[in-house]
């Protein structure tokens, strides 16, 4: 069984009619609806309850899924630090879309995580670059999204451990849309699709990718201690 | 001083009127014309003279630039093996466009180096992914090529040591267009633009990239021996 | 079920009394004895029967385990090419000890795969560098081997995708003893311990690593075709 | 000309007689003495003056060299943040020895950066793993240090972009002693030798490595802005 915690700031859906129409119960509930099954249990947290993301809660979380955008700065530094350390101890983490600028993702990457963007409702094709990767199983040559926010390079991330997807947009832009990292004992997947005003998380391929990523990121090993132990000569 | 040897199979330019119009003296001479200056001396080899690529010649070459397409299989295995070993000893190598399927590139990658392709004269934008890389110096956000052959993912290469450029095409395709590897003591750069029927190598930005790559790939260290030396306890 | 094929050249064990004493039935049978269980079926091939490693046989192999030393050059080029392509299509491969110089390993790496060596019966400690890696599960801080051949850096491999173990020897030498690569759709693990004259493959930790590696390398995805398909504008 | 700023906390040298004997003017002055020449100008900062490491100062620094140990936590978070961002903008950074636990190094890695350690005055051999790397130029098979603090794996760093040196110790321990990263536009080198109570920085090979690293890390490109620019359709 995989214990997933979804964090969604849940601001857009309550302040913008257009977004509420797409995700009336919030992006977190949309994610939960397809992630939860016999093998995966899902809990959700929003900005209002973000302090529930305690060290204890994260110890009981196998994979944390993160969606945030407008309110990155309202996430307490302490929570971001807990998330970072939980990943280093083995928890998996999946950062979606504008989560590239979230505090915990930036802490885990060590890079600016910046990008260029425009919002013109262009189509996106998310191309499978590594078809043998566990996260790409069941996905064809590309995922077609009729409308997505356009993210563009340079994307200020470290050279990926594994590049799984690269997106291409109507305007000819490209973006490393699906990338994997290991940080300490934890695995991280960043996945770009998911602008709040489009029904991206209702796309079956996108759901498949996120579900695959949850399975891939679930820990097989966790450590308690991140300190530097003094040892004896062997 | 950097000693460059350009290999161009020089078949298209002699058999297709359309290509001859673009490169009347051959792609190798077009490359030579912008590479050669006070600091760079250039020699050229074609399929007709490919056996000039001896071990000796490669020892006297700092960077080998390779363009091939129709006649990959006519390059003797022995030459490909010499090139592979010269790179392992420290020689730099730049593989252009359809050079992804050349014998030496495949030997150096260990992967199929396959890709998808179509030839519809679409535009390409080659996006700078790593603006701080030596090979990207002087290049803006992207290089615009009015017409290029469309190469698509999955590109069967190892996860790059450094990704410098990613191309985006009119049809929404993407391609890792500029990637770096180290193999033994040598540095390798693959650069995708350069279809024979378009004047890509006359584009100032493309020229800049290739010139930068020559400087980046020039060796600072070479070894003679690739064997496994027996050593004493230190 | 995982279908493993073990290739062992099986020369030392028949020509050197000292080695026969350690592995009377050959290294392949020693490996088979601990790999085979309800979930893993094992077939073996030796230099005498190396031509059994046909394309067909490799298609029916999930993970190939390779031990060779004296007779690398007697393995036909065609067999080495088949192994390389089978890995690119998705087959897993584990190269043991002196397999670093085998034809298929070198073809897959693209590097010289050279190293320094001495044979003084020193102890080795194989240190776990990445305790969260699937291949390191069940292994403590290090594996202690009372006697091993000393392999030393520089080891002429590409920068590893993942470094799992680094060995340290009595003389202060170090060696990247457990490293992972992806080549095409296949996964590769190189593991240094296993000199023929010491009972390394009877060590429970070494067995555990190899068993873990078999599970890690077993394919979840395979492709038929390594060519470059012509595609249509999407 | 390369503008180097050396930060040394300068605590051990003022509080421990044994350390003062080795570095009477402080580690920073020892580093400065061999780094400074016609092409390199050096400024120094200590914990007492750490607030001099302003954004402005770091903009005027090409490469920052960092030595800290006891007083990591006394470095203000704001300074650590400035250093992180300066690297992301292009400044080079070299972290020495116990600098693995400094705030800016941990911020740039995103990992715990933990390790095991013991202090028994063992010898260390620092092995050259990548002899073609610019930082290894002029160094032989290994650097011999009669006494060093023993650092051991697992070292909690991301998989290195480039591994240049691996250390081996008297007790058979191993440690990734020289590793390179790129973060944003900046280059980072971590180098393990340099325990305060041994005259490591007086070793000519160690000096050569640090000097090489300064040259390697000096920026060729810097950016002002780390934000996410809104762009137009091209």
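Which chain is which? They are A, B, C and D, in the order written, and residues in each are numbered from 1.
Operating definition for what follows: a contact is a pair of C-beta atoms (placed from the backbone, for glycine too) under 8 Å apart; a residue touches a chain by one contact, two chains touch by 3 or more.
None of the values given here were measured: they were computed from a predicted structure.
Two chain pairs, B-C and C-D, are weighed by contacting C-beta pairs, with B-C ahead.
If you average the CA atoms of subunit B and of subunit C, the two centres end up 32 Å from each other. Averaged C-alpha coordinates put the centre of subunit C at 36 Å from the centre of subunit D. Looking at subunit C, residues 116, 125, 130-131, 152, 159, 161-162, 172-173, 182, 184, 234 sit in touch with two or more other chains. Chain contacts in this assembly form a complete graph, since each chain touches every other chain. Here subunit A touches subunit C in the complex through residues 90, 125, 130-132, 134, 136-137, 142, 144, 161-162, 182, 184-186, 219-221, 223, 234, going by the rule given at the top. Touching subunit C in their complex are the following residues of subunit D: 116, 123-125, 127-131, 141, 152-155, 159-163, 166-170, 172-174, 176.
Touching subunit A in their complex are the following residues of subunit D: 84-85, 88, 101, 107-112, 114-118, 120, 122, 150, 152, 156, 158-159, 161, 171-173, 181-184, 226-234.
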